[in-house]
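Have a look at the structure that comes next, please.
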Amino acid sequence: MKKVAIIGGAGYTARELIRLLMRHPEAQVVAISDIQEGRPHIASIHPSLAGLLDLCLEKLTPQEVAARADCVFCCLPHGASSSLIPALLDGGTRVVDFSADYRLNDPDVFAKWYDQKHTDPERLGKVPYGLPELFREQIGPAPLVANPGCYPTSTILALAPLLEAGLIEPRGIIADSKSGVSGAGRTPKLLTHYPECNESLCAYGLGRHRHQPEIAQLLSTAAGEAVDVLFTPHLVPMDRGILTTTYSQPRGDVGEEKLLDTLREFYAEEPFVRVVDHLPATKDSMMSNFCDVTVRRIGDRVVTVSCLDNLIKGASGAAVQNFNLMFGFPEVTALI
Amino acid sequence: MKKVAIIGGAGYTARELIRLLMRHPEAQVVAISDIQEGRPHIASIHPSLAGLLDLCLEKLTPQEVAARADCVFCCLPHGASSSLIPALLDGGTRVVDFSADYRLNDPDVFAKWYDQKHTDPERLGKVPYGLPELFREQIGPAPLVANPGCYPTSTILALAPLLEAGLIEPRGIIADSKSGVSGAGRTPKLLTHYPECNESLCAYGLGRHRHQPEIAQLLSTAAGEAVDVLFTPHLVPMDRGILTTTYSQPRGDVGEEKLLDTLREFYAEEPFVRVVDHLPATKDSMMSNFCDVTVRRIGDRVVTVSCLDNLIKGASGAAVQNFNLMFGFPEVTALI
Amino acid sequence: MKKVAIIGGAGYTARELIRLLMRHPEAQVVAISDIQEGRPHIASIHPSLAGLLDLCLEKLTPQEVAARADCVFCCLPHGASSSLIPALLDGGTRVVDFSADYRLNDPDVFAKWYDQKHTDPERLGKVPYGLPELFREQIGPAPLVANPGCYPTSTILALAPLLEAGLIEPRGIIADSKSGVSGAGRTPKLLTHYPECNESLCAYGLGRHRHQPEIAQLLSTAAGEAVDVLFTPHLVPMDRGILTTTYSQPRGDVGEEKLLDTLREFYAEEPFVRVVDHLPATKDSMMSNFCDVTVRRIGDRVVTVSCLDNLIKGASGAAVQNFNLMFGFPEVTALI
Amino acid sequence: MKKVAIIGGAGYTARELIRLLMRHPEAQVVAISDIQEGRPHIASIHPSLAGLLDLCLEKLTPQEVAARADCVFCCLPHGASSSLIPALLDGGTRVVDFSADYRLNDPDVFAKWYDQKHTDPERLGKVPYGLPELFREQIGPAPLVANPGCYPTSTILALAPLLEAGLIEPRGIIADSKSGVSGAGRTPKLLTHYPECNESLCAYGLGRHRHQPEIAQLLSTAAGEAVDVLFTPHLVPMDRGILTTTYSQPRGDVGEEKLLDTLREFYAEEPFVRVVDHLPATKDSMMSNFCDVTVRRIGDRVVTVSCLDNLIKGASGAAVQNFNLMFGFPEVTALI
């Protein structure tokens, strides 16, 4: 039985994480640290967790958290994470970080896209990116894992095998992503006020979304050469789910069956990637840790469609998957 | 052509009002007063109004508004309205007030339910309640009309004819109302944050909702005796629409046909109340000024179901209907 | 490890049931019987189950099903169930029946509300109603359990404790229920066509819904006297969730605290009923086996509000709960 | 006053058309022809039209329709339209056709994409495409106008000005479109069954959607050379609205301001195209005849985003706009 703690308990990723951990026979949630005043019960923050976890939020120092837990799930926004994580690691605990702080290898790229200097730059590039389908070996022994972004996961799982196999051109890739609203977090604002975004669809952050460099970096790693991708996110009136449609050019005369077979072989042993023949809907993977992927050859384009639940495979499910790898539990534990 | 002004331009009722007034051949929107900084264009507040109205919000005194307009639509919250309206009336303009400030007759009832002393108590009881189906005669010549609440309109239109005809008991009436989220206004808060209220349904304000005394007062007027009603609002994951289900006891042995006929006769000449045989859906009256009503006799109960669009017949459409009556235009102008 | 089979695999309750059973360490799904042509794979019917269960639908006789399984979940519509279940029981298997066929005690009441003569009338009244919170003792040893209806579960869990304690009058009870659309099943029809029911709300089946006698029977059992209830269902634009608001009269001068305490004590040991102080939202229990209940005293009325997921606690979760009781597994297995 | 008739009255486009025509001071709906049995009242088919139009559906021959009406709106599916329209034109009436039958110039292209031989091939290429922003001059005097498809309108209005000005490359254009569910029509099927498509997002018809050749033909006309476009539609869980994101390559070193100015100038006099600086949401143009368009230069790509209501500017609103042009009424009549 491993003792786990959560830092940042009021958001959706923490709620989903706790829900999943309640099913984990080898994980015990021992602490939730948060800046909320007055030690509120977790069920007063997340009514859906009533009857599942009897714990109050506490304001804890990183040292206190590290002393209590074998593993810490850090559900803080970027910037906040990297200011705590060195202390957590010094305290001897292992960490799965939900923020973007340790995903990028280059502190200058981080500074450019996140408008701030990285506070722990020497660790960048040494932290495995927590996508087990690509980095399982590195995740297992790591003290700290950078849990991937939701959009990047949907994009990378679709394109990495094709780039690695050299079946598509690394230049001029387009990733048109559509996400449910929970991806925008739990802080009320006009954009996500129900009567504004319900029954409405919009693009946002064109050319400026912070997942752009993350996608480019990971695809470049997969391709073994610089990949150029244009990422455009859209906000869809639904709670959960991301669907990413990518457009790229085939390298040589590759047919649809070869493309599909490449995906099928790449993910043959993967428990959570389903290469499907049909066009997947986000609902097929809703509330699950699955990512559904398919590919089409249309005219002179290769088109992939991939779906996942942004809060599960795109966040908290991936975190549990990483936890399982880090502590030697079967990878699917608590995730079926 | 009448010059009209709006006070409080940033909310949903103002937006709907402007949209309707753009279709009105005899109304010209000449000013929108609001506390927003810096004279923003109305289209920057309500992008849907781009190309329809070329006007900037201004911070205006009541005197300035009165000097410019023949009629003012006051889209302010309760309390704020009654602090401006005396000055507007003194300035010689006529007013349709969207707030609850002049709906109740009794300042003590107002003070109890709205937690504040009324600032213009001597006017209470002299302002017609702007439900043309019940008070058309009084609305026409009035300098000030109190535009009804959305829940009250749906409840009163269903029950007033039956109470007036003495077909149901005035005691123990239940009004179980269900409303779309736009009724909660445009200010972001956790309850109306998309991922919170989407795919969710809840009751709220049980026994404490401020439309309760409004419903009771109007039904008592219709019945000619004190009516006791329990009103319970629910929040439904949709933009617009109110459906109210009422439960009452028949007075004597009144059958379903008699109940339906009573409604049909009461509304025979009304352009905006449709007495239907089937069970109406809110979508039937969405984006329209209609209220759909039906009634059933089930066991020892009389059950009514009524539907309307809370922003149109429940707010801005009713206001235009009142405006038409006040200025002698055909009642349906701009409302079909 | 128990072998379980499902009859009727194409609907939503079967899909949810399979999803839950995949988490059950002591249940193995060995067969899915259905009338679909050509042995389709379950994942071709329910894409969300891909990667979870590798099984094809088969056309099986009740004898064949009984021979293979220790327990059969019968997900057929009313009428169809009772024509198969005697053969299943004769074959020596145990059955959880999702239909209404064995819920009512009186074949005449069944015939009246279901427009058909019951084909297995002598078994009526001897089959436990599968609501563990009320009938745990009878469920354990039963060969056949009648899984409750979704609306009845939400209504009964709110009212039975108050009726049993004699705190509310058994006459004149109103149950105003609101349900998500999945309760209407998976067969496409105009009422549930997306552009018809999205952003819309309606009442349906007023006075004619078949859950009415089921609710009345169970509440009468709880009260120890005849209970008269008016049940009105509404269709809400969301996938899942039922919220039932009930209105009754207090018997004597019972206060809100006494009402709440009665619920709290009644459910003190129950793992799946949460008596809450706040007004619950359906989303709190979505995708879970919880039912949230609260009660208010408003004027001369007692008002309860209860929420559950119609496909889980209102159907498949309850079925797994019953399965656990019937086979001696911890009641919460696969349900957290 | 012009007499208008509608053929095919049961669908969403007919309902929207009637709703708009009720506001038209110079149009009188005199007949609705449909294959429904038994002359049902229009309000029994579309409850929202109760109180607006008192007319029954009739089974009429094209000759009968032509004899009664100055203009016929033909709301039939492809194939059905072209089998009636020659007779309507012979009868001396003018026609706005909602189907795709007269949109394509080449009968072979029609045959390939619509799986049927065109029954009126000699008329192809002589019927103006009813997009007033591009073909106003031809629409005015035409006896028959081919009302555009919803996806094509959103795509063409965004790209035609840029292609005509030679600012983007005509090869390799991608149009990633997202549509609300009403675009799929009113016939219930599993894909559009509420619990299937609610809270879900999918791509469909990749490379096979029939709007692909329509878009290519119209963009080629605008460009004056062959345009190659890949069109991918997606189904979004909302009633109305299309958002199309296009990706193309700039021809030469054209900046964002030049792109925006080109759109602004092209549509400077257009009442229904709003070139906006911000990223539009579909809700901004919902229930209106507006199309909102913007453009961005991101890296080596030109990205446009355009939004419209698929049932209004994408269908019935455009039809009324064409009607206004054909009969000399102000173009915005009934459309504000």
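By letter and in written order, the chains are A, B, C and D; residue numbering begins at 1 in each of them.
Heads up, the rule we're going with is that a contact is a pair of C-beta atoms (placed from the backbone, for glycine too) under 8 Å apart; a residue touches a chain by one contact, two chains touch by 3 or more.
Since this is a predicted model, take the numbers as computed values, not measurements.
Novice: Tally the contacting C-beta pairs at the A-C interface and at the B-C interface, and name the larger one.
Specialist: B-C
Novice: On C-alpha atoms alone, could you tell me the rotation angle mapping subunit B onto subunit D? Nearest 5 degrees is fine.
Specialist: Fitting subunit B to subunit D on C-alpha atoms yields 180 degrees.
Novice: Taking CA centroids for every chain, report which one is farthest away from subunit D.
Specialist: Farthest from subunit D by mean C-alpha position: C.
Novice: In whole angstrom, how far does the Cα centroid of subunit A sit from the Cα centroid of subunit C?
Specialist: Centres of subunit A and subunit C (C-alpha means) sit 36 Å apart.
Novice: Between subunit B and subunit C, what is the gap in Å from one C-alpha centre to the other?
Specialist: About 39 Å separates the centre of subunit B from that of subunit C.
Novice: For subunit D, jot down the residues that touch at least 2 other chains.
Specialist: Those would be 180, 196-199, 237-239, 280-281, 283, 286.
Novice: What's the contact topology between the chains, one of line, ring, star, complete, other?
Specialist: If you draw each chain as a dot and join those that touch, every dot ends up joined to every other.
Novice: Within their complex, state which residues of subunit B touch subunit A.
Specialist: Contacts found on subunit B: 12, 180-182, 184, 186-190, 192-199, 237-239.
Novice: Taking the touch rule as given, give the residues of subunit C at its contact with subunit B in the complex, in rising order.
Specialist: Checking each residue of subunit C against subunit B gives 172, 174, 176, 178, 180, 196-204, 206-207, 228, 230, 232, 234, 236-241, 243, 245, 247, 279-283, 286, 296, 298-301, 303, 305, 307.
Novice: Within their complex, state which residues of subunit A touch subunit C.
Specialist: 22-23, 47-48, 50-52, 199, 271-272, 274, 276, 278, 280-281, 283-288, 290, 292, 336
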